[in-house]
Every structure is written in structure tokens, then in C-alpha cells.
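Following are the structures in question.
What follows is a pair of complexes built around chain A, which joins chain B in one and chain C in the other.
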Partner chain A sequence: MKFTDIVSPFLAWSRAAKKADTIPYPKKSNPGSDRYRGFHRNDLDKCIGCGRCEEICQNLAISMVEVKDSQPIKGDSGLRPSVDYGRCCWCALCVDVCSTGSLSLSNSYSWPTDNADACAFIPGSDEKAWDDSKKGYCQDNSILQWAGSPRVEMPVAEPDERIKSFEEVVRGYSPEQAAAEAGRCIQCGLCVTACPANMHIPEYLRAIANGDYSHAVKLFFDNNPLPEMCGKVCTRECESVCAMGYQGEAIAIRWLKRFACEWFESLSDVLAVDEKPLEPNGRRVAIVGTGPAGLSAAYYLTRMGFETHVFEKDGEGGGVAQSAIPEYRLPSGGYEKQMDVFRKAGVKFHYNAEVCCDDILKISDDYDAVFIAAGLQRSSEFTIPGVDLQGVEHAFYFLMNHPEDGSIEAGRRVLVVGGGNVAIDTARSCKRLGAEVVISYRRRIEDMPADDEEIQEAVEEGIDLRPQNIPIRIEETDSGLLYIYAEALMIDDPAGGRPKPVRKDDIEHGIEVDKVFLAIGQSSDLSFLPDEISDNLNIKWGRIQVDEHQYTGVKNIYAGGDITPGAGDVITAIADGMRAAKAIAESCRTE
Partner chain B sequence: MNGSTDPLKTTPLFFGPQHPGVTGNMSVEMWFDGDEITRAITHVGYLHRGFEKLMERRLWIQNFPLVCRICVPESDINEECYALAVEKLDGIEVPERARWIRTLVLELARLGVNLMSFGGQAGTIGLGTGAMWGITFRDFVLDLFEELSGGRIYHVYVQPGGVRRDLPEGFKKSVLSVLDKIGERLPELDRLTLNNAVFKQRTVGVGIVKPEWIDEMGLVGPVARGSGSRRDVRKDAPYEAYGELDFEVVTEDGCDIYSRALVRRREIDLSMNLIRQILDLMPGGPIAVPLPNLTEWRIPPGEIYTRVESSRGEYGYYVVSDGSLRPRRIHVRGPSYVHAVTLLERMLVGANIADVSNIMVSLTTCPPEIERSR
Partner chain C sequence: MEKQPQRIVSDSGFEIEVVRKDEGYFHVRVSRANVIELILSAKQRCGKNILQLISVVDRIEDDIFQLTWILEDTADSSVFIVSADYPRENCSVPTFGDIWPTAVIFERELHEMYGIEFPGNPRQYEDFLLEGWKELPPMRRDFDTLEYSIRTYGERRKRIHTDPRKFIAETTGEWDTPVPMKDEDR
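This part shows the complex of A and B:
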């Protein structure tokens, strides 16, 4: 013990003359730091109600609840997180996993209230003082990638390799790749709301991630009897709303469906394990057309005990989807695998059986119900001078005639007019037949109705995409055809529609080609309907109008697929067929 | 009289769990003769939290905001142990910069907790100013944590795969200014504690931890280092960036409370030194590796023990995975079990009743460590 030990503690008094470290609240307050994890904020317009925050919350502090002014729509559950601050531990996991990045934490930590119930509220909906503050803990997905990650790349053939043949471009996932990709699913189920057929997407992705492929296939067939086709050419509305797509890349739902179907030699064997159709109920249904809509209706009706007869004017089924989509996207190898399912299910096919006016009347008397799914049979007419010239053809008929077998001469220099999938398919098919291809489209590339992936692959394959070209006329020259066009400017539509192309100037440009393919849409051919029926049908723009049960309003006649208004894709047709099957079964039950 | 609980000769006393001198939610049942304790039994069971069981019911990522709550003053060691275990089981490589940031965080946390417990030692003998100042200095460190992680106490910052956010803009400057401020004022605190006659009277020669007990009971940290041991996980089995830092293990051989306080005081200087080194050597690069889908994240089957040096000594996690979405079993090994049960019960025999809290605080007992799952 030293003398200084007795004195030195007293020196602490010197602190009394200095500034205190304590903050004299409320005279002075201490705001949270820029990263402070305080009360939640939620941008309700950005939020899609995927429930990821609720899922990750380890304290069960978050519950998804209905809020005013927010309705469930495609890709948005309409629900929003409500946070119970009696449970919240401010860990901000909810912020880091928020798929859209709508959720953040403010730097406010103090909120006195005498109402204990007010401690649970809906951020963004129940107004709070910190809603507009910019400070606090916000998401940064760039490194963690908890809110969205890149997808497992699908192996595809190299562009210069693939233009040499009609072999399928996509090579397919390996089981490891499929498991990794399917494992990215956060099971929010928003995709189900966007899928026209409401397929059990989260469930089958989980089955694929767990390696249970047969379970996945069974789940496909619950509401889609053509998964093989959809796994290759689906328009995948599911992926467009995928919660993982906001800050990362949408899950490759289509490719995973393809993977599970490709895994099995026979799909009917997988289904046969524990699926037995109902006993025959003695009722008969006639279906016109073997496209996706017809096949779908036939499958589900047969499974419900109906005797189902399908009439097809051609020698094979599958409709336009099977015939017109080129081999490199939808190889015909999968066709038999699919038809095998329908045959084993008991669907009765009548090929080369074109249904004409008299047949329809007879059929509607003989059968308990008729489902018309004849599709679009005609290519739309195009009215510019020169479309009648030799060498100007309709792209749709070109595709229907199986260009892959080499029987058709594509020409050396080809020009395709249009921006839809038919245009791109034609262009890419011609490229594979050795032609130099130009696509001429009136609007911008982003306005093209064709699938983005198709457009990108076309460009990779060396197809010359020329947007904002207004076709004027086609002339004949010594060496072939001269396609004359004018450049276009895009003018915003005051009514809010998509921008319209108008001629930029009077200058005319020309491209010398050997062949011009017109791909400006298809139309229906309803000539097979007798007046007795067509007079009673509600037909607009060449499409048969139906109610939500695919019912036409004429006794026992239902319609679906491309012949009715809709998106005009495979999955919509499948959904139409399934809805019609349910409605027919229901009406027969109540009769 | 040692060991006696004879009701005719001794007085029983239940000390805690509400007594301000107890280090937390625990109590000591004592019998004493006059002022001298004849027998002491540690009682726990006041913290019905069951962390280890809770962890078995949470996803791997959901445990990361949970583990920090096991230790309030030094949450980061739990995050670090848990992250190390998950990374080793899942084969995750942590980026270089993340390793250095983690080391920084661990040292900042050690600095904060040592400031508090060093000041707290004075508090137990009635020198309240020292306790307050210690807490004040720690608050400066908490300001840094708030700036870095968004939380003052529970940082939820060290995550499997790296750290959650990069250092904020100007963080180095903030850290250095806090170190300067604390460094400048520490001599004032020393005058109240180490150079204080009252403090010395109450601590020198009191609460002896015999060097032979270190191996016998498995004592670690400042408790062991105050009795001449050189045991320190940072040196013995370097983790993160400790192997690349230049430092000597702090050790004293007085074996009493004063020695242990001195070890903590020197640890404060060491931490400040290490933090300056880390800030100078901090490499660039990414701060985390992407993890798989958090709600589908399965860790390959296996078991692992990971350990770090906490402010109280070696701190470890034993983690078992059965390949599922959740841990099969996690056991947290904190030093307080031996310090506050085996050692404390032995040390209190023969001690003066007025020194109970003094001794308890010198062991920096953390009751949750004793009864976490029990």
C-alpha cells in the first residue's frame, strides 16, 4: 500500500467539472445509427405478399394478414406482414430475405403508447412516424443473395452448332443441377396463382429437390396431362411472377418439369402405380380436335368415368402445338410418350375424321356433351401489294409442313414479317435449312410477342432482327423479290395501349430476298359449324365466346383452346380442357 | 468447521437470485459461522430458457439470431462459434476480409465486456463510480457496434459464410477515435481501482485461486491467467486472423482478485492494441459467400466442436447435424460452469461473507452458461 493509493481516488473528482457523457433525454435525443435495426417499414406497392418474412421469422412475430386496398392478383397474395413487437427480436432476417426488398427497418426505436394492442401493426398500412425516414437497416442483396440468387444455367448447344440441325437446343439438367435449381424455391406459391392450370408448382419443385421424380410427375398430371410438352414450350407465366425473380432469377420451373418427364421412359407407367380411374358412368363425350385443350378434356373426362371420343382431321394428334413448333424446341420423340398416357387412360381416338356440319348435329344428339377445341387453322391475311407473288408464303403453313424433314426449299435469302413465336420459329427453321434470315417487325424488340428467350437465341444464331420496319409492298425482281419498307417512329398511345409505329419519313428501303414468310397471326375456321349452332353461338373476332366453365350457351356444347379468347398458349388450352371436363361432369351429375 | 451445516453452530442464508451482488439469475445457498462461510452450494434454474432445445427446432439460419442471446454482454462469441461450426460442417470457405472483420468484432466485444467487468469489480466493493465509468466506456464501444451492425447488444452480425454487412464508411476513424477516448480516460479509472487503497485492501490476498486448481478443475480465461497460467485459445489454437496478429498472452501470478482485475485491465490494453493492428492490416475483398436457399438449407451429417477465447475463457460449441434442416443437437460449453459451481463452492469455504459478490464477480460468472439446457 502506497500513500498515493489513498490520495489518487480523490482525483476522480476532477471529472465533476467536465462535460457529462450521459445524454439528457428528452432535452437531447440519440437517434439510431444509419444501419439501426428499429421498427419495420414496408413499401406496400413493392410487397407481393410472398410470406418469406413470415417463414424466416424465428419468433413467429410476423403474420401475413389482409389489408385494405390490396386484393389478391396474379403474383401477389394480397396479404401483407403484420409485426408483433411483443415477439420481434429485431434480427432483421426478414429484411435480408425479403424477395422484393420492400421491407426495411427504420432507425426509430422509441414509440410510447398506452395501448398494448397497438404493439402489433402492419408496417406501411398503419401509418407511423418513421414511414418516411430513409435511415435504418435496408436490404443489400448483392453479396448475401438471401433474397434472390442466380439460376442454375441450362446447358444448351452452341449457336454455330445448333444451326446445323433441328436437334433440340436445350440439353437438359443433370440430377444434381435439377436438385440445386429446385432447391431455390421458397415455397411461396405465387406461381400457382399465375399458372392458368394452377399446377402444384411448389410441391413438385420440392419433390424434384428431394429426388422423388415419380411423385413430381404424379403432381403434374393432377392438373396438366401434357407436362412433357409444357416442360419444353410453356409460356411459363409462373416464372414471370416468381418471387425469386425480383432480385435474382426466377426458378427454371419449365426446365425442371422437362427434367422430371425426361427422367422416365414411360409416363403412363409412373402414373399407373397408384392411379385408377373411376368406374365407367355410361356417359359419352365427343371432343373435336386433339390439341392440348382437347387432350386435356379427354384425359380428365376419361378419368372421371366418361367414354371419351376424340375426332382429329389429321393422321396424328397434338394439334398445332405439336405440328407447328419446330423440332429443335419440341422434339417429336416425346409425342409417343404423351399419347401413350391418353391411350392407356382409355381415350378413344378417331384420326382422319374431319368433323363437318352434319356430323356436329349428329354428334350433339348422340353424345352427352361436345367439346370443341378445333384451334386456329388459318394464317391471317396480310394486305400489302405483292403478297400474291410467287415466293411469298405464310409462315404458319410452312411450319405445319414439317420443314425439318428437308422436303421444303427455304431459299437462300429469307425475310420473315412478324414478331411472334411463329415468326421466330420460321426464321430459326430457315436458318437451319441454310438460309440467311432477316426478321422485319413493325414495333420495337421489347414489344415482340415472342418469348424473350426465343428472341435472344435467334439473335445468337445470327438472325438479323430489324425492328421498327413498316412493310409497304413486295416487288418482283430478276433475282427474286424486293421487300420494301419504311422506318418507323413509336408514338405513345394516349389511350394507354402499347406505342404505335408510324412512318418516320417518306424514304423507302428495300431488301432483296428469295422468299418472304408472313407471320402475322392465325385465325379460326368455323365453317364446320352448321348455321343452327353458329347462329346461337356468340362469336367475336372469330373466337367462340364462353363462360368461366367453357360453356358456349348452346346446350351441351363447350369450347376451349385457341378457338376461344385467351392467351393462345399451350397451358391456357390445357386449363380450358380441364375446366370443361369439370363443368361437363358437373352438369351430367346435376341432370 | 469447514463443510458444516450444523443448525446449532451455523446460520443458513440464501443469497440471490434477487440480490444485487449476484452476477445474474443464480443464487448461492450458504452456511456461515460468524462472518466465515462454512459451506456454499450454487443453485441455478432461474433462467428457464432452454436455448439448446430451442436450437433443435429452428432452421440453421434461424439459430444465428438466437445464439447471440445466450450471452448478453458478449454476444459475438456465440455467433462466431456457431458460424465456425456450421461452416466446417458444410465446407464453407469464409473470405479473407470476413475473417478479419470477425476478429475485429470479437476484440471490440472483448474490450466492451472487460471494461464493464473491470469496473464492475470496483462496484462490488462499494466503489460505484468505477462501475459506472466502466459501463460508460463500454457504451462508447456499443456505439461502434450500433454503427457497424445496427444493434447495440445483440449484433446478429457474424453469420455462417462471413459477416452480414461490410464496414460502414469511415468506420476505421470512428473506432480509432473511440480507442483514443477510452485510452485517454483509463488512467482516471485506474486511480479509482488499481491505485485505490480501498480496492487493494479488499482484493489483494482475497479470493485465492490456487494454481494447482487450474488443471484439476479445468479453469480458463482470466481466472486461470490470474494464477500464472498462459492458457489462451487465441494463442493455443488461433482462429480467424489471430494467428497473424502480434501479441503476448496476458498473465499475472498473484492468484487473488487483484490479479484477476489486473489481467482484465491489461486485456483492455491488449484488445485496443489488437484492434489497431487489425484496422491496419484489414484486407479488401468480399465479406461473405452466398448461402443456399435458407429455408431449404441442409447441413451434411457430422459433428464438430469449435472454440474461441471469450472474455471469460475458452468458449465452445458442440454441434451435431443429421443432414436435416435443423441441428440435431447443440451443446454450448461456457467456462462459468466450472467457475461458478466447482470453483466457487470451493473458494467460498472460509471466505468472509462480505466478499461473496466480490469473489463471484472476479470469476465473471454468467449464469445462463451453467444451465442453458438444464
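This part shows the complex of A and C:
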């Protein structure tokens, strides 16, 4: 017998009061460390169903699935990740690349079951004990640096330079810049849910990234016959929901569309629309107005074999979008390029052809369908005292008269009332004509309907932006006009709407100017509709009400664009025209 | 003893690229022919008495393994890092098991995960984590994890999967365009 055999039992007893090294029994819980990578959690309110987690998973452990009542809404595919723990290797790459940071791993790792197939669930949807746990592995933004490269900035002219002329502010991407920017797209398709025309955005971004610009242009025309215009002035709802924008910067979808269109001198050559004429179907459609809605309907109807006649009261087409948006945002050079596509596709244009009451009745008899896309022709009235004074003008008419050709005097000191794109366009145009410009707006800057980029560029150009100014009246003075306003306080709307401006006090302030431009909205002119038609139309607030197919309810009459309720932007009008074309084709097919 | 390895770098007589130098931190890249001399010099002349880690990066695009030895001086926690590139094909790297016994363990793991040979390491062929592994070493980038997973474990369950892009297209009616262009027309 060895000596240690004698003393060992006593040595063992010496550990009786110390912490045991072995697993205690009865078993106690043994939680994972604070940053342990255990079972998944998903904040369903933050998750947008982009599928990036599924894409990164090397083991096919994650599958995007439909959950109860899931439907795509703007910016959300409606799908959610389901995790199969028979495949998961707990690498947490899914957490690292999560677009919104909704996905995380709890520190729970124990799930005893005798059914291997039970070890799969939809985090966040299938309730689990660890859902509310704060511990585990969460996204580390320092790691995300590799997950999302920054947006390629669009080169623009310097403010001091650009106010000297109406030359386009945006300089455009180089092919290398376009490839780098388009290559950032993760191809989730959420942008499609936000685009009114549901353009094939991920596919055309991939085509641009691959340098296949003609393929990109063809994809544009699937759902948008005015891509060059949209590439410059689109309201880009797509970018507002871009998955890359949650923790970085959204893909510059609008600028990439601009790039691909600018690459070609002729879009009709790319599309070869004239080389593949479609078999005429013997049907004729009349379209009133050559704005984006009218042109969109005309293009798609013609491509489907309709004989399409477009009536325009002016000598040129393009509607308000082409006429009123200044050259520095939408150069007229691109207009002819776009119209070439319509002409070669076979659309028949009738310029200086104003449609009046009798014409509409005749047209509705002569044609199989009529699409009314006359737009908003009038500037809304403003009712403060002094709006009739000389020197007070409507901004909308000012822009429609092409101030860039130098034939209009802007004045030395100009004040623009309003906060929409018309107000900003007027202010920036006046600045280019040499005026000192003030914009007076009732609400806060963040409430302005104008595009954020436009507002920022206006400020860069030295335009004095004065929010929370309530207009009181305009007076005539020896040297010009005196614009009287009061300061505003913002009061929350109990109904949940935008905060409302109310006068802060009785103090009145004045600004001496030469001209005041009113930019408080546009309204429709429906006087061209005869009573026989207008009595049967549902018209609210000057807009023709339509169903989801742009149908007015009056036989064979459809309407779209700004003359119907909607966002009032180019892409919505294009989508209206496309929907109307589909509906007219379907109606003719079933007749 | 010189505490900073600056001197051995300047005295070495062979080309050394300084990757990064900082307080208590010195990272160099060297030709593989000079790895042993540099590391032994660091131990003997600079007091780098601990081999903290050996790591490998599979730079498959360049057809090399990048080996990195991290040495530490326990007196002041300063580190000296040596990197060198070795061809991936039949990769053979000298062992430091005779100098630091812990290297035997590190090298055994690297052999199992990357297939790198360490001639002279008496235990390099023993299983480390992967008992009975017969495949390509799994940390090599030419090892197809997904293919292995499917081949070995099969489809555990019928995978219900919906592609977000297609789901969005179908539910928004995106593909139902009025101009049904075929792919060859695009």
C-alpha cells in the first residue's frame, strides 16, 4: 500500500467546504455567457423580410416563410425567417448582416426534445421563453462596416457656380461610379413594393452593375416609358424603403436610372420599337394630355396594338412635368430623346389640339376608349389681402413660361410663399436670374412637401428659408411690395395629422420685396368636360375619382395623373397610365 | 536584453516588411526562409518568451496560406507578430514544438483544419476536434460546407422556402406588365 492511498480520503474531505468542480445534482440552470450565441430572437416590428439572413446562411438553416396574414406592404416583403436548428451552426452571420438589426441571438442554448424536427421555429412569431431575454449576441455596428459600403456621392456643381446659369446641377456618374453604386444592391426587391409602377429595380441595378446598360433600359420600359425623366426628378419612394438605408445609405436608384438613360443617345434604338411593329388590333384610343400619364398609357396601348391618338392643347408635349420643372433639374434635351420612342412606337400626336366639350362627346363616340390625363392647369387661389397687387404672381405660371430663356424679369428682391417643389423651383430659378430670394413657409422645414435634396440645395445656393411664417397680407409701397407675416407656433393635431401652425403673438413682421410668387398648389380645369359626362363623373376637390383600374365609371372613359387623386408625382402618373392601358386592353378583350 | 525588436529587424540582414508598429506592438512580414531565425532571435534577444498563438489565413486567390506567429513578452505584455506566406499545395511549415510545447497543440489544430504539415511535430496526426475526419480539412476555403452538409445529413425536413424577390413580384403584380416582353427580346 502506498502512502497516498492512506492520505487520499482525508485530502478529499479537505475539499468538502469548497466549490465543487463537477456538475451539481440536482441539476441547476447554467446560463450561457452574456454574449453567448444561442437561439434566435426577431423583433417582428423591425424586420422587413429582406431575406439577407437567408442569403448569408451557409447551411440553408434559414428559410424565408410566410407568417400569418403576411402580405407585402410598402417596404416589407411580409416574409419572416424560420430557423432550422438541425442546420444552424450558430455562426451569427445572419445577425451581423441583418439590415435593420431586428435579428439577434439569445444566450439560451438548451432545448431538450425527442423530436428533432421540432427544433425549428420562426423567431418572434413562434413564442419562446427567451424572447424577452436581453442577453446574447446582438449586432455590432463596428462589424457592419463591411456589411454596407457608403453610397457613391453624385458629383454636383458647386453652389456658387450653379446659380450663374440654368445648367443641370447634377453631373452624373461615371461607369465606374455607377457599377460601384449599383453593386451595393442586395437584390431584396423591397424597393419594388414602394415604386408605384413596380419597376424591376433589383434586376436593372444588377444589369448596370454588370455594365449591361441596354438590358437595364429594356427593363425600365417594361414598367416605365419615361425613365430619363424619372431618373432626374422621381420622388424615389423606392429609396425611402431601401434595406441598405436602415443602417447605412440607400442605393441611389434614381441616379442609376439617369446614368443608364444618359449612356445612350437614342433610347428607341436600344428598344428597337420600330423594328418590331405589333399587329394592329383595330381598336382606337384617344388620350387627352401629353403629361407622364398620357404618354405612359399611349406607349403601352400602342405596344399592345391599339391605334393611339394623343391630343395636346399646347405646341409641345410632356405636360407640366416637362414645362414647369426648370432646366437645371430636368434639361429639355432629354425630352426629344424620349418623344422619339413614342413616335417610333407609333403613337399619333395632335398638338395645338385643345379638346373642348363637343370634342369629348365626339371622341367618346369615335374611339373605343378615352383616357383623360389633362393634369392640373391652374394655380390655386390664395385669399390674403393684396394678392391682386401688381408684382404678385403665381409661381406655377412663372415656371410654365420658361424663365430660363431670360424673357421674364424676376425682380431684385423676391419672396416665394409655399413649401412644395414649385416654391423651391421658383426660388432657385429667381436666384439664377439674379434675385435675392426669401421663401416663406407656414410650417416647419421638415413639414415641407418639397424634396429634401431640393431644399438643401436651395439653402446652399443662398436662398433665405423662413419657416413658421404665417402670411397676413401684402401691401404696396413706394419701392415695391411689403409682405406682412406673423411668426407661428406649431400645435399638435389630436387627429394625428401634421402639426398645425397658429399665430405665436400679435406682432406683425414685414419684408420689402419687388415681387411675391404664390406657390400654394395647383388645381384642375374641368371646363372641357360637357355636362353629359361631368354629371356622371364622381368629382371631389376638383379631381376625378377612379377605381383601381383608373376607370371613371362612365362607359369607356378612364382618367389618370394629377387630375385624379394621388401622390401628384411623375412615377404615380406613369403607373396610372400603365394601369389604364391594361384595363382598356382587358375591357376591349372581353367586349 | 533589448526589449524592442527594432534592433533585430534592422540587424537581420534580410528583408523585413513592417506591417504595423505601435507601443508594445510590432507586426512584421518576412520571407518564409527567414521565419525561424527571426522568431528565435525575438525569443532570445527580446524576451518574447510566450508563443501566444499561431493563426492561418487561407488566401486561396493567391494560392497561399498566410501563417502568423504571435509572440509575447510576459514582463510587459508587448507582442511581436511575424507573418509569412507558404504555398497551399503540400504546405509544410517548420514546427516550434521544441521551443514552445504549446506549439505542438496549435500546430496539431492547424494540421487538422487546413492540412498543413509541421514536420517534426510528434502529435500532428492525432485528432484534435474532428474525430475520424476523412474529408478535405474543413477550414480550407475550397471545402464546400454546404455540399458536405447536404451529403452527410441530407434534407432533414422538407424545406419550405419563399424567395422574397419572387414573392414581392407575384403579390404586387409586377411581372404582369402590359408589354409582355420575352427574355430574348430584352
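Observations
Following the convention adopted for this analysis, the second predicted complex is superposed on the first by the 544 of 591 C-alpha atoms of A that agree within 3 Å, B and C clash if a C-alpha of one lies under 4 Å from a C-alpha of the other, contacts with A are read in each partner's own complex, and residues count from 1 in each chain.
In this section, a contact is a pair of C-beta atoms (placed from the backbone, for glycine too) under 8 Å apart; a residue touches a chain by one contact, two chains touch by 3 or more.
The structure presented is a predicted model; accordingly, all values stated were derived computationally and were not measured.
Once the two complexes are laid over each other on the shared chain, residue contacts for A:Leu79 go to chain C alone; chain B is not touched. Contacts of A:Phe221 after superposition on the shared chain: chain C is touched, whereas chain B is not. Of the two partner chains placed by the overlay, only chain B lies in contact with A:Ala12; chain C stays clear of it. Contacts of A:Asp140 after superposition: chain B is touched, whereas chain C is not reached. When the two structures are aligned on the shared chain, A:Gln58 is found in touch with chain B and with chain C.
Contacts of A:Arg35 after superposition on the shared chain: chain B is touched, whereas chain C is not. In the overlay built on the shared chain, the residue A:Val554 is in contact with neither chain B nor chain C.
By the touch criterion stated above, A:Gln187 is placed in contact with chain B and with chain C alike. When both complexes are overlaid on chain A, the residue A:Arg303 reaches chain C alone and has no touch with chain B. Across the two superposed structures, the residue set of chain A contacted by chain B and also by chain C is 58, 187. Listed in rising order, the residues of chain C touching chain A in the complex are 145-146, 149-150, 153, 156-157, 159-165, 167-169, 171-174, 176-179, 181, 185-186.
Residues 49-51, 54, 58-60, 63-66, 71-72, 77-79, 82, 84, 86-87, 116-117, 120, 187-190, 192-193, 198-200, 202, 215, 218-219, 221-223, 276, 300-301, 303-304, 578, 581-582, 585 of chain A touch chain C in their complex. Residue ranges of chain B in contact with chain A, taken from their complex: 58-59, 61-66, 69, 127, 129, 136, 139, 143, 146-151, 154, 156, 162, 164-166, 168, 188, 191-192, 195-198, 200-201, 286-288, 290-296. Every residue of chain A that touches chain B in the complex is listed here, in rising order: 1, 4-6, 8-9, 11-12, 14-15, 21, 32-37, 55-56, 58, 89-93, 96-97, 105, 136-137, 140, 143-146, 149, 183-187, 209.
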